[in-house]
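Down below is the structure, laid out as structure tokens.
In order of appearance the chains are A, B and C, and numbering begins at 1 in each one.
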Amino acid sequence: MTEPLLSVRDIRKQITLHILDGKQVSPLRGVSFDLAPGEFLGIVGPSGAGKSSLIKCLNRTYLADGGTANYRSASGEIVDLLHAPERTMIRLRRTEIHYVSQFLKAPPRIPALDVVASVIVNRGGDPTEARARAAETLSALGIGPELQSSYPSLFSGGEQQRVNVARALVDPPRLLLLDEPTSALDAENRAKVLEIVRRAQANGTAMIGIFHDIEMLQQLADNVIVLEDGLVTQHGPIGSVQIPGYIEAGAAEFV
Amino acid sequence: MEALTESGIRPPDTAAEQPLLRVKGLTKHYQSASGGRIVACEDVTFDVYPGEVLGIVGESGSGKSTVLQCLFQDVMPTSGEAYLSSFLGGTRNLWEADRRERRHLRTHDMSMVYQNPRQGLNLMVTAGGNIAERLLAAEWRKVADIRAKASDYLSRTEVPLDRMDDFPAFFSGGMQQRVQIAKALANNPALVLLDELTTGLDVSVQAGVLDLVRDIQHRLGMTAIVVSHDLGVIRLLADRTLVMKDGHVVEAGLTDQILEDPQHPYTQLLVNCVTH
Amino acid sequence: MSSVSTLLEDRGAAFAGYSFAFLDDMAKREIRRAILKGVAIPGHQVPFGSREMPIARGWGTGGLQLTLALVGGSDVIKVIDQGDDASVNAVNLRRLIAKTTGATETLDTAAATLIQTRHRIPEEVMREGQVLILQVPIPEPLRLVERSVAAARSMHAEMDYSRMWLALYEDIVRRGEVSAGAGYPVMVNGRFVMAPSPIPRWDIPKLDNARCLFLFGAGREKRIYVVPPFTKVEPLEFDDYPFDTEHFDGKECALSGATNAYLVESPTEDGGSRWTASDTNYADKVLAGQEVDTQWKR
């Protein structure tokens, strides 16, 4: 048994909404799991179950209120993603952990090609080579040269999502956190994403992904977690887990 | 630069990373007309690391500009310590430096871009001359070299070179701000302080100035503190952010965490004001 | 000294009752102390309590107070105004000094022990032991770039001259050269930027490493400063815009034929103009065929 890449124990998240008279919500009430190197872990559950909160806690976009998430970095050091210094998180995000949100948050007024290439440049890569690889990745996702030179803020939702995926996979990281990256895509483009994610998998990238689309999940995930009301109700190989009915219903909303 | 591992990925170990600037317990009190004490900022503590942009966000009167003014020696704090690794080996509290050291600090180690270009520029000295001033302080004594360097900075900040020998008094606000940024880059200061740099500019001009700063940050790896009341500016430029209210730091964290998971009631209010 | 009262009697009743050299002893002592401090810190402006003089401020009261504080009965004094010993102001100052002290008057640069001057340094090289006292209207070289006296003083203290350099840069950008004609700023002993008084550029190189003592007195501004003998004095210059003096392109003095002299243009009756040496004593010597050493720099 290899050492897990990520070992999550008892993550808790509570949000106090001061502007709503201190109303409290608890999206995560103690979530634990291990992720092996190269494993794809799918997360499913009804909306409000805490799926996005879990991913955001691992990325430190949310501050967890309890638990640990011990990540084994490229240099072999164990880093608790929930408590590591901010500077460590910034560095890990730049070099080995990438988070793909549902919506593209690209800086404005930068062409799509450069948005994608900047990932490699920020890791110290050569700008010319970065742009070549960015062009290749975007093309593989159906974003042609004309779109590549325009600003993503002018793109459709589906095009923006593909730029987002391209950013994540132009230089596959060690750990990829995916938060519904294909929710606005049609079947044809989902297939393109599927193809490029598989390439990253083959390259050894471990992933934790939220997908509404059961087909994507079945084709990619090694294991699945079912989250309900902030707790893990099932965890196992994709074939052994009872996927609740709302997954496919949810996907239908988008297709 | 830290060493790269065989995989070409920088090690995440932060133990080796030393802050460029350490600020401890910065406090500035003013005396009110009636003799009472006005707190401009109180016990502000933070670090800035090489190559990063630290945001400080808060409404006017929160003390965020006072922090910059104290760092740039425009205002002397009531108490506190600050150490800049490039300045006398990081051993001297900036606020205990003598006048000559402080001048060196202002002309070599740091630069400031003020909200009002009048503060940062001499409007009756040519655009090139404004940049030359910092180079002259660093003992540049060849006009041709000074002009070549000033042209370089002005073109980086997209100021047309045929305006180099004109007075900034006759420039647009956006162009004045570009000249101020060019001046701030002269002598490659270790730390650049940006105080509300887009406030007061037209929205279209704001975008250009922000793009410029971001571009320079990416290309030159500039270390900066960006003070703004505008969360949009902070979101665009800052890696980490401090939230200030009534002179105190009420929250500090990664910028996306501050925006998506604000902890303090004031930050929640601030973030919601932007979204709605 | 009994000889002093005798001298005063000899000089006529008009000066009876005045102190020797007009100034009271306390004033002289203060000025001498300021001079000593100035010698110790070359180029540094030393404040002094400028006294009321029997001439108006702006007419050389600073220079006159320095002269009167130093002059003794055995001194030989010369006063020049823009190089001219015979101007009304020069003559009056010289008479005042002589009458109140018994010092000998001269027009001869070489013979003088003390020379008070406005706007010129003599062409003839001054030697050890001679003193040149320059009248100064504006002693602060930073006045143009900093209006606040206090701020200018701290700029000197911190050797913060970047704005002075900036003014020179701006001059070059706008005019293609540093336009300062008279009173070109100099760096003294590598430490203080100094206003050399409104002497022409022609005279600036004479200040460097000279054998005589240069004293500068500003009566209205109440400042004394000094360039002691053998002190390094350099004009502020950029590497690629070196300092240069005026050129007279082969012109010669219309009266004496002198060529190695600072020439001034004056109108003639026929509507034209002529060039003459501004240093009248030098012109006289050249006219008389005397050998005059003008090589200040060696």
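In this section, a contact is a pair of C-beta atoms (placed from the backbone, for glycine too) under 8 Å apart; a residue touches a chain by one contact, two chains touch by 3 or more.
Bear in mind the structure is a predicted one, so any value in this text is a computation, not a measurement.
Chain pair with the highest count of contacting C-beta pairs: A-B. Here the chain at the heart of the shown protein, by mean C-alpha position, is B. Among the other chains, A has the CA centre that is most remote from the centre of chain C.
Chain centres here are Cα means. That of chain A falls 33 Å from that of chain B.
The distance from the centre of chain A to the centre of chain C, with each centre set as the mean of the Cα atoms, comes to 81 Å. Between chain B and chain C the centroid-to-centroid distance comes to 49 Å (mean Cα coordinates, whole Å). If you check the complex, the residues on chain B that touch chain C are 99-100, 103, 107, 125-126, 128-129, 132-134, 136-137, 141-144, 146, 165. The touching residues of chain A, counted against chain B in their complex, run 15-19, 56, 60-63, 73-75, 77, 79, 85-92, 94-96, 107-109, 118, 121-124.
In the complex of the two chains, the chain C residues touching chain B come out as 154, 157-160, 162-163, 165-166, 169-170, 172-174, 238-241. If you check the complex, the residues on chain B that touch chain A are 4-5, 7-14, 17, 49, 52, 207, 211, 214, 218, 236, 239-240, 253-254, 256-257, 260-261, 263-265, 268-269, 272.
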